[in-house]
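Let me begin by handing over the structure; questions about it come next.
Chain naming follows the written order as A, B, C and D, and within any one chain the residues start at number 1.
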Amino acid sequence: MSNINVAMIGQGFMGRSHSNAWGQVAKFFQCPSKPVMHTVFGQEAENPQAFADNWGWQNAATDWESVVKSPDIDIVDIVTPNFMHAPPAKAAIAAGKHVACEKPIAGTLAEAREMAEAANKAGVKTAVWFCYRRVPAVALAYQMVKDGLIGDILHVRAQYLQDWADESVPLVWRFKKELAGSGAHGDLNAHIIDMTRFVTGQEITEISGAISETFIKKRKLMTGVASGSIAGGLDAGKDMGDVTVDDTVLFLARFSGGAVASFEAARQATGNQNRNGFEINGTKGSLKFDFERMNELEYYDATRPRAVQGWTNIMCTHAGDHPYVANWWPDAHLIGYEHCFTNEAYDFLCQIAGQTPTVPIPTFEDAYQTQRVLEAASLSAAEKHAINMDDVK
Amino acid sequence: MSNINVAMIGQGFMGRSHSNAWGQVAKFFQCPSKPVMHTVFGQEAENPQAFADNWGWQNAATDWESVVKSPDIDIVDIVTPNFMHAPPAKAAIAAGKHVACEKPIAGTLAEAREMAEAANKAGVKTAVWFCYRRVPAVALAYQMVKDGLIGDILHVRAQYLQDWADESVPLVWRFKKELAGSGAHGDLNAHIIDMTRFVTGQEITEISGAISETFIKKRKLMTGVASGSIAGGLDAGKDMGDVTVDDTVLFLARFSGGAVASFEAARQATGNQNRNGFEINGTKGSLKFDFERMNELEYYDATRPRAVQGWTNIMCTHAGDHPYVANWWPDAHLIGYEHCFTNEAYDFLCQIAGQTPTVPIPTFEDAYQTQRVLEAASLSAAEKHAINMDDVK
Amino acid sequence: MSNINVAMIGQGFMGRSHSNAWGQVAKFFQCPSKPVMHTVFGQEAENPQAFADNWGWQNAATDWESVVKSPDIDIVDIVTPNFMHAPPAKAAIAAGKHVACEKPIAGTLAEAREMAEAANKAGVKTAVWFCYRRVPAVALAYQMVKDGLIGDILHVRAQYLQDWADESVPLVWRFKKELAGSGAHGDLNAHIIDMTRFVTGQEITEISGAISETFIKKRKLMTGVASGSIAGGLDAGKDMGDVTVDDTVLFLARFSGGAVASFEAARQATGNQNRNGFEINGTKGSLKFDFERMNELEYYDATRPRAVQGWTNIMCTHAGDHPYVANWWPDAHLIGYEHCFTNEAYDFLCQIAGQTPTVPIPTFEDAYQTQRVLEAASLSAAEKHAINMDDVK
Amino acid sequence: MSNINVAMIGQGFMGRSHSNAWGQVAKFFQCPSKPVMHTVFGQEAENPQAFADNWGWQNAATDWESVVKSPDIDIVDIVTPNFMHAPPAKAAIAAGKHVACEKPIAGTLAEAREMAEAANKAGVKTAVWFCYRRVPAVALAYQMVKDGLIGDILHVRAQYLQDWADESVPLVWRFKKELAGSGAHGDLNAHIIDMTRFVTGQEITEISGAISETFIKKRKLMTGVASGSIAGGLDAGKDMGDVTVDDTVLFLARFSGGAVASFEAARQATGNQNRNGFEINGTKGSLKFDFERMNELEYYDATRPRAVQGWTNIMCTHAGDHPYVANWWPDAHLIGYEHCFTNEAYDFLCQIAGQTPTVPIPTFEDAYQTQRVLEAASLSAAEKHAINMDDVK
């Protein structure tokens, strides 16, 4: 088995998830090539050497441009804050590297489209870390829809609800448009747009209406340094600053196959800590998923005898029957959040090696399509009317 | 205890629920006056005498106008098909009777407004059978919001999803605009609009976007007579007819207190048999209700110590602590669908007697407000833009 | 349709349930004969006339012996406190009446056996109000086991857990051996013994071990009169009296078909308000029932493809597919506690008329078998060894 | 930070879990010393070098005795099949090593007692991999009981139900007494005995009755080699062999604090894939845990106002508030099965370094106490009477 060298650009919470994935993947999966954790980039203030030592990266670097261009590197994995995704991704494509990038891949829709085209032209493989596709339950949902078990899809409901952002949380980067791009919309709706595109196999054709709202318009300025939590750092002074992103975005949509849909992202949905999920109703059956119970998929089979119809709670933990499971633990032993990243790392290695991944990988083209939907929804909220997706390129 | 004479106009599935309520209420509740089941009206083909004999109505009649005007009658209760609600209701108000009416009270918004005004001017008491207010769990939710346990409400999600209307169901009255007024919208959204207005204590100020869709556009023509199921009669021939109402309506909205909201009604939401519910997220807590588990209310108390925070499943079956329960069975013994009607009958008797009902009764004014929201949502779906509620009278 | 006259001996909480059943049954079911609520017996202090007026009994009486013998009466229904079940039941059998009796039918096992034999010899029909057999979900479970869907039964777990009996509850009749016979054992284990005998179609052959415990050994003496709650009356003085029944009884058992089983009844199982249920594991599938969600049955079908196996939550509310439902409300509209009594009243009327009841009725013979198991479990707890059921007659 | 060298004796499914734990612990936790994966032992046929290469062990060995005695080794971790636990454990103690051992530590109760005494005398630290103590939800339950939130414990129910062992499974080592010691009893009951001893802080004083049963008495002989699943290898011939262990063991017990208890282990409990859990009812509250939803703890707080009492579903995923969580992912991101091992590895390193572990570690003394209960329950099942724990040493 040959080696394949990975460089990671960035650290933070996501850097931990990705480092874990690159470190674990070859222990649990029969990879087509063995990923070597070659170099991690971080700013000097972040002490990348300590990060490298902890996670097993062979080298630490503070100059991402030379890392990305280095002939030693085969895969560039990007986990920097949102505004810093595109520059290394573009440089990596230009250098002919395979690129695995956190979302959003770009700050503007035009840039995303260009990047997707550039990657295509360069013939490099791309992956975006829409890793919820690789929750076994979600991958199973994809397969069930594809196999026709759900019939024609009529309804899609998706929501990603969190509740960490009450008034006590200071003005971390996630609340600043120049750093984050958007609030709950890009952070959370992006995931459920990708997940429903993936599971349904359809594209969104219309945004039928939208609401964007910022409930908490001012927050305490931060004084400390961000670290590995979602909120990113909680040292705050007394001075207040403006929140320049949304707290919540809801929108209605239509899918190419005729389904009607609702989407909602929120950061103050009390009691919903990480409720990233969907419900899909079809003519033959329905599916429900909630990341708070990520090992389970709810399935309603409307073709069963009426007397025994009901929602079936599938524990998606059976080797052979459920995707990815054979590589982890014996049947009925749960996996957690980080396993999705490891599963994606494995599939990306397969893709690079010319093998078919377990389920399709979200590419830069997928990220562009998701970004189109995000942009159209923002437009709909601002202009208070429906948006035909054909008008958003 | 004095008697109070009730006449019921109509029969069908709803006639059974109402008859049961009027027959049971004085057995379980200490009513301010004893309701006498005086007269039931039905068309001759419906055989109202048989209905009267079965349910204990003292008289059967086939001429509703004389029933409504009769000096013997104190309360007129209307359960006819939708298009036949307004005529007897208006006649009853004109005759100075108290009126309990199934929704919608009128075929047009203007008519609903006139009826609310007429009732007000006549000084009669009105009740609309938005009976889900009287599920103990929903009444408790109302009280908890009012008591400030939820704090400021930021998010409202409401849905009433059913799945009975697949292609096999023929063209019953519920699919015809001239008889039903609308489809899932008036049938189902009406309930969740009333329920969320009730629980939040707020009005909807904007429809931010909407979708209306009819998935099944043609159905087999009926040959049989409608009877007491939702679908109303399943004898069908081979000829097809047009469905002239919606199958599903989704809309986004804003509430007067600042909350953002989503609503959805559907008749082909496979697996959702009677999922009539809401979720409300506030700054101090959240509430969730689902009529499929009508004896339960989910409560998230965000003021509890973090280590023990979670969704609490309240079984709303405790005498004294939960509304209406003391009148039924010992603690922790469930009640069912029909009890909501009996609870409403009791509260309406209280209202008529000048006593305060357990929780506020939905009046004709409430029905008018709900109808405004329905109309605005339809407009938004048709015109593909947001509607300011001030523009809909 | 001919009339059939019912006399009810007793009042209280159970008297309300039974009165409701006799009053409702002919409204919802096509009964073979119409039950007439002829006479209710109560002690003078209980004011049976007021009870009769409220519930619609035509006559009130304070001499049960003459009621039971009266040629006007066809069915004697017994709802007195436990120690007063046998005398009127025996008198009714002697008078050739059909008897519907609350459990336990007798104070001793020998008496129960004699009563079962007497009823058999007299050719009268008997019913015991083990009414949980007539929860639609439980009746469905019975049918599914009978149809072979569960395969060979290997495990039975049953529990009836309540939590109303903390220290604040005074010494009501339920805590006195001379009035109640036993505590949680006879009150609660009796139900789950009958329910598992019913659903499995098997008899218990061995009590393999048991625990009986009284956690609260002294309680405040009551000063008030018992009324319609489980606890029966809460006026208490300062003086204390001895609790002479158990608070909890657990036992292990074997069924005639080879299954192993555990049973538990408890009155201080905090958080379990009315958790009356079972789980049955078979070679082809499993079933779970919990009365706190009485409209639902959980079914695991081990013959389904592995990828979609899981616990299916069946909402047992479909006319035609689920027992009794067609007589109540449209699909997916829940019923409550009292409906089980009405369902049993209907089936008993069928039985008397020579028709087959929906599912088998628990007879005096069934009550005797259940009482044998209760007695054997008590013996096992006292003597600390296993009991072969053949040794308990 | 100093290094501490670990040798692992054995491989298999458990060897994977342990290797993962030793590899991950220093990446996620601030360990008092850095564990070095020094040597793994395996039989030649198992190819320990390949295992070492995959998991990052520096050396592979086929002679466990020299490994255990090696001056390079500080911790000996034992994951061999059950009958091979005691020999290396005793040798390691004799060599003055700290020992982490899979359960059961010994084949007989006497041997377990001797080993506990020997470890104590030698002054080495011991840990048994009763790793479910280190599920955050279980550790939280321990803390809540200790803090008095549950009050006096009255009821303990524990079960570990699996369903993998139907007739198709061949005669793997888990079905042979000479290799496994016992069946479901030692495999599964051992875990719930330890878990309830841990959470309640009490000892079992009496086995009040028990059932032991083997449903499937003959199985196909294996022809293949066992590998990393629970069933261990599925290649089977036509010849049949005897199952010499139990399939299920149920027993009733009393705890030192007065609680009554039931325990059940089963391997054919269809639909219960890995249902390892307990329910504890106390005078102030109750707790429920199920490993199939290992990130959740159900808590009933009986001191809350009655109107809002209910089971609260605590997602045990909050840094600071819930044990171990701060070391893993941001709030509300689930962990899986293997994290319990990593948590235990961390706590054992703390213990060795003289620091207080997060919650108490199960020592050889704990393993001995659990083995006493297992033995007493077997005795009770065989002799069909209650066993006083004082009589089992």
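In this text, a contact is a pair of C-beta atoms (placed from the backbone, for glycine too) under 8 Å apart; a residue touches a chain by one contact, two chains touch by 3 or more.
These numbers were taken from a predicted model, which means no experiment stands behind them.
A.B. asks: Would you say C-D or A-D is joined by more C-beta pairs in contact?
C.D. replies: C-D
A.B. asks: With centres defined by CA atoms only, which chain is the most remote from chain A?
C.D. replies: C
A.B. asks: With chain centres taken as the means of their Cα atoms, state the distance from chain A to chain C in Å.
C.D. replies: Each chain's C-alpha centroid was found; their separation is 54 Å.
A.B. asks: I'd like the Å distance between the centres of chain A and chain D, where a centre is the mean of that chain's Cα atoms.
C.D. replies: Those two chain centres are 35 Å apart.
A.B. asks: Measuring centre to centre with CA averages, how many angstrom lie between chain C and chain D?
C.D. replies: Chain centroid spacing, chain C to chain D, equals 41 Å.
A.B. asks: If you look at chain B, which of its residues touch at least two other chains?
C.D. replies: Those would be 311, 315.
A.B. asks: Where on chain A is chain B touching in the complex?
C.D. replies: Answer in residue numbers: 154-155, 157, 163, 166, 208-211, 213, 215, 248, 250-252, 254, 258, 260, 262, 264, 266, 268-272, 281-286, 300, 302, 311, 380-381, 384-386.
A.B. asks: Show which residues of chain B lie in contact with chain C when the two form their complex.
C.D. replies: Answer in residue numbers: 13, 16-17, 20, 23, 26-27, 54-56, 162, 164, 228-230, 273-274, 291-294, 315, 317, 319, 328-339.
A.B. asks: Which residues, counting only chain D, touch chain B once they are in their complex?
C.D. replies: Residue list for chain D touching chain B: 140, 144, 149, 299, 301, 305-315, 318, 320-322.
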